[in-house]
Amino acid sequence: MSADGSILTPVVDGPSATQADAGFVLKAWGWAWPKALAIVLVLGIWQVVVWSGWRPTYVLPSPGETLQTLWGMLGTERFWSAIQTTMIRAVIGFALALVIGTAVGVLVARIRPLRLAVGSLITGLQTMPSIAWFPLAILLFGLDEQAILFVVVLGAAPSIANGVISGIDHVPPSFVRLGTVLGAKTVSLYRDIVLPAAMPAYVAGLTQGWAFAWRSLMAGELLVIIAERPSLGANLEFARQFSKAPLLLATMLVILIIGMLVDGLFSSYARSMRRKRGLEVA
Amino acid sequence: SGASASSDRPDTANDVSTVRLGFFPNFTHAPALVGLQEGLFKAALKPLGVTVTPTAFNAGPDAVTALFADSLDIAYIGPNPTINAYVQSGGQAIKVIAGAASGGAALVVRPGITDAQGLKGRSIATPQLGNTQDVALRHWLQQQGLTATTEGGGDVSIRPQANAEGLAAYAAGTIDGAWVPEPWVSEYLKAGATVLVDEKSLWPEGRFVTTNIIVRTAFLDQHPDIVKAVLEGHLAALDAIANDPAAAKAAVNASLQGLTGSALEQDVLDQAWSQVEFTADPLPATLVASADHAVAVGLLDQGEIESAGGIPGTLYDLTAIDAVLKAAGKPAVSAP
Amino acid sequence: MTVAAAVAGDVGLALPILSICNVGKVFGRGDDSTVALQDVSLDVAAGEFVTIVGASGCGKSTLLNLVAGLDQPTSGTMQIGARVAFMFQEATLLPWMTARQNVALALKLRGMPKRERQGRADELLEAVRLEGWGDKRPHELSGGMRQRVALARCLAQDAPIVLMDEPLGALDAMTRDHLHDEIEHVWRAQGLTIIFVTHNMREAIRLGDRVVLMGSHPGRIVYEESIPLPHPRVMDSPDVATRAASLTARLKDQGHAHVG
Amino acid sequence: MSADGSILTPVVDGPSATQADAGFVLKAWGWAWPKALAIVLVLGIWQVVVWSGWRPTYVLPSPGETLQTLWGMLGTERFWSAIQTTMIRAVIGFALALVIGTAVGVLVARIRPLRLAVGSLITGLQTMPSIAWFPLAILLFGLDEQAILFVVVLGAAPSIANGVISGIDHVPPSFVRLGTVLGAKTVSLYRDIVLPAAMPAYVAGLTQGWAFAWRSLMAGELLVIIAERPSLGANLEFARQFSKAPLLLATMLVILIIGMLVDGLFSSYARSMRRKRGLEVA
Amino acid sequence: MTVAAAVAGDVGLALPILSICNVGKVFGRGDDSTVALQDVSLDVAAGEFVTIVGASGCGKSTLLNLVAGLDQPTSGTMQIGARVAFMFQEATLLPWMTARQNVALALKLRGMPKRERQGRADELLEAVRLEGWGDKRPHELSGGMRQRVALARCLAQDAPIVLMDEPLGALDAMTRDHLHDEIEHVWRAQGLTIIFVTHNMREAIRLGDRVVLMGSHPGRIVYEESIPLPHPRVMDSPDVATRAASLTARLKDQGHAHVG
């Protein structure tokens, strides 16, 4: 290769052998440091603001105090029972919303008159604050778990349905044509071709649906305070009503962490899906 | 300095041009509504060259946060948020400077329930866990020998529930009564309920605090003159209410309509009005008793109260209202 | 212009399984419309192997789409006597499935029981020289490999009529020769009716009982010729070359005649 | 075509000339009847339930009464001023959320450590009920319009960001490779290729973002209640607090209608986008 | 196996603008890995027209990807002396743009001022025989038309090195002949360096200064041959045919040698 260096720019050298050894530790580190940095940054800024004396600590408590409150909470059985109650409601409500939202989404995407009739209604329902449904929920279900689920489903199902619709709308027509040619009947067309193709938008819709479900749940849990059953939503409202700033912040942290964990689930599923489809480098 | 709270904090400047007055678009805040509607605060503050910036709140916690955040100076507020603000700030942030309303709460139940024993196995709503009515109901049940846990168990199931949903739940048959303040008592009566216990009957002289006025401690320290002027306006409003109830009712409804788009039905308003007394007396003893009851039923933490300096501790500062009352030739209010 | 009618006699005795009559297809409306097909008539007998050659954009794919029922003609009538398999011009593999699953899907949708599918899919992949690649996903395959998976899937459909739109366009000579043999074998063994679009005139002659030439603007059939050469034919044989030259010349003339 | 009919099935005849004449009227009718039918159905069922005397009318008013209330509302200046206030807040808040959400989305999708650090936080923030932000809003902005906008942006920006991220994640890698080959620099790569390609998911994210913005706004409008400035959120909450069932339902209808109109905007944009890309038959 | 080194003398005098040295590319890891390229070395002189022919899946596209910098080799080094234009095996048109906009995008990204773009894009579309189709969107074009838009876009990039991956695979003989002339014209006029992948051996000989044959499993260069025939060449000429036959035979041998 007696090439004249002046017009040649080296593009790349093969990776050295050491890179292969790095392995797991490096990977875990690469995954962990950004998170650690973010947490340290947030806590640091928060602490600095508190130190600056900008607001009295009874309205803006220090991270230390908040974490201490959180730690104290973690030690109580009541807290875990609240988490459990709330998570069970969330999962059941979300599962219901999933089934209903998916069914409605598929039907609306498929049946033109239905779409014209109720297509926009779906977003309309989505914009309705949970609180507006309370009276109806109570009239229909009384002060019962079902009233909470009703509010949760009304919150989450529309956004799941919208995810399905947008997913189906953007399925490449060539896939549908393929399905037709392969002789797929309606059910198999949707099961084998359209829905898998719509999966990315569907999962995005599910994430949004989860957020809606969770928000609606936090509101809905104020509806029904049921015998011997503390809940996160009630805790949040309680902290607020009693102006307990550290408790409020600690509860917000819990909500944030649960939200992030659930997002972790969704996004790792989305990632594996992308990897399968060659949309992401493994 | 002016209304934009966060940038200019009035308590760091010596002069303020406006006082920020908080209240709820709520019937029991009638003195604030009438005073603002009729310009009584404005008139009282005029000599000081200070204007009033009214701020309506939907709920106590936001008003308390606003006070804590120096976004609000004086607020009409119920006894619960008062205790919470006092306790949570370690006794520092606020002081009660006057009363505004007394009375007007009752246990209403489904017709057919005629005594405490009739409540066994029933569900009763209260506006909110740990609020005055909630505490009152729990305390009363205790005295009647009935049990009720904070989680809704016991002989009587207490279901803390926003008032609007409470009424719907009553209509749907899931609750059998409620211990609520006016105008909700009147709404329940309209929906067919009957009064089982009028809270008045439980208090000496039939008076207990429903609304009082609190001030940011720092504001009171720096601007006692403004606080005094506001209380003059308050007194003028109380006089207006006493002198011409019909006009006052109209002013209240007009104000509610303007703020919320909703007003009370005339019959509900009349009925509720008859149950509430608007007074400058904050009735400290009743608040103290209520706090004790809350501790007794496990809804307030005695330790927290203690570290805030106890109740009443430094909660009350009635010098200004007494001065204003005196100037008007009226008797001073009861000290704690 | 009723060329089809003129040659109908050639196949008059065999039963037409596919009959296209004065079909036209216009895309869009008004000024912006494109006449993709005009007055196309074509009868295909059961068991016939018809190859179609024509300039880029002359309407070959459009015609196959109509036959497959994926689109409706704007005029004329069509009668199709059996189920149709279609291999699109683009491979159109489902990205969330492996090569094997893509093929197996066709088997599933034609009703093959689950346990037989995998084996049959592997057989088909072997037939297109992709043994051992069944577990790869489309994005891990080369262009020509994807095309072969699509071919395997098309054969998996097991339909009496098979439409193939440039099925071997992305393949090298060797693989192509092999697949010619394979397709011819399947055609004979199963008595298929095949319509095969290609740009390679010698390929058209190598495979076809009949070669149909199409012209553009508007898309139409300009010429048909039966290929009576004995089977098996060889693409590089002089016979094929001679015919290819003459047909190419005819197509070019047609092109010039129209463009000029 | 002397074909034997027995094995031949006619597939299709060319469309007759009359079809071309049908034109506009038929189209409008096809658009209108499903909606009309849906409305009639809903009102009908509602009326039947009311007639059945299932619940007293002070909690479940009849459609007639509700519509009458709505009609009465429409006649007041106050109502229109409320709509105006709320819509202005919604539009400003949504616009802010759009800018912030898009920027955050692009950055998070692009920068790997950022994604690891705050990727899941976005959904975490989304799940936080608006009410939890009130104290922070008051601390930061006092009792001001800005506090409302803060709550709205915190509600809507995460879901817009999530839309952007999911859109960018699913851009076909071949488009990105194309951009690289064409010499697109980061900015042009995103402006000319990645963002247009991510558009469908982005628009879906916007629709969800709008729903979040609107819900947060309905809650946030309770932060600052000003006498001369009525708002829909305050109207809704106080209709509830004053137990004015017809007013509550009428306000819900208004919210529903606004939500549907906005969805109409989004979905007609989405439709034109799909048509352009050959995803929908014109 | 250093075939490239052996023939380096041929082009030793000209300045290599592109130098690939012992490059390997492995996809995946462990059992599941595919060796797409092994020990590939190739020098291309500035202004040279190199054509690459090889079996489906032998690594041609992979090699071009590496040269274009779209992927990194797992071993070996590469030096590229100028900007690279690349026409992918798949057309890859942006679906939200018209044909003209797709071409104009390349012009925009290489920095052409706005007002000149439209005119230049139309010129390029005309060069690929798509005059009048500029306002159509990709889904309204036939497969061959899309390929031609991609070709126009590739030419629009105006880069000194041009990589073309089966650019004319979906075109009929006439259009293809025309585009041979066009590509050759541009190559000469602008002094481009072109690497051109095709499955058509005669096309490779028609265009190339040098034909590179690749073998599969693993992908590698098995043979190179300079084509000293005078220009302009004709695809159907006996000269071209003879050479094509011999090169094809060589490729087949290679294939059999390996497969057998």
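For clarity, chains are labelled A, B, C, D and E in written order, and residue numbers in each chain start from 1.
By definition in this document, a residue touches a chain if its C-beta (ideal position, glycine included) is under 8 Å from a C-beta of that chain, and two chains touch if they have at least 3 such contacts.
This one's a predicted model, so the numbers in the text were calculated from it and none came from an experiment.
Touch-path distance (fewest steps) from chain B to chain C is 2. The chains that touch both chain A and chain B are D.
Of all chains, B has its CA centroid at the greatest distance from the CA centroid of chain E. When chain pairs are compared by their number of contacting C-beta pairs, A-D comes first. Centroids of chain A and chain C (each the mean of its C-alpha atoms) stand 48 Å apart. Taking each chain's centre as the average of its CA atoms, chain B and chain D sit 39 Å apart. The distance from the centre of chain A to the centre of chain D, each centre being the mean of the chain's C-alpha atoms, comes to 18 Å. A separation of 27 Å divides the Cα centre of chain C from that of chain E. Within chain C, contacts with two or more other chains are made by residues 69, 90, 140. Contacts with at least two other chains are made by residues 55, 59, 134-135, 139, 237, 240, 278 of chain D. Residues of chain B in contact with two or more other chains: 61, 65, 69, 162, 164, 168, 171-172.
Listing the residues of chain A that touch chain C in their complex gives 174-175, 177-184, 188, 192-193, 196-197, 199, 273, 276-278. Those residues of chain C lying in contact with chain A across their complex are 68-70, 83-86, 88, 90, 92, 94-96, 105-106, 108-110, 137-140, 153, 157.
Across the complex, chain A meets chain B through its residues 55-56, 58-59, 134-135, 138-139, 142-144, 222-230, 234, 238, 240-245.
Touching chain D in their complex are the following residues of chain B: 4-6, 20, 25, 54-59, 61-62, 65-66, 69, 71-72, 162-164, 167-168, 171-172, 187, 190-191, 255, 258-264. The residues of chain B lying in touch with chain A in their complex are 60-61, 64-65, 68-69, 80-81, 84-85, 88-90, 92-93, 123, 128-131, 149, 151-153, 157, 159-162, 164-165, 168-169, 171-175.
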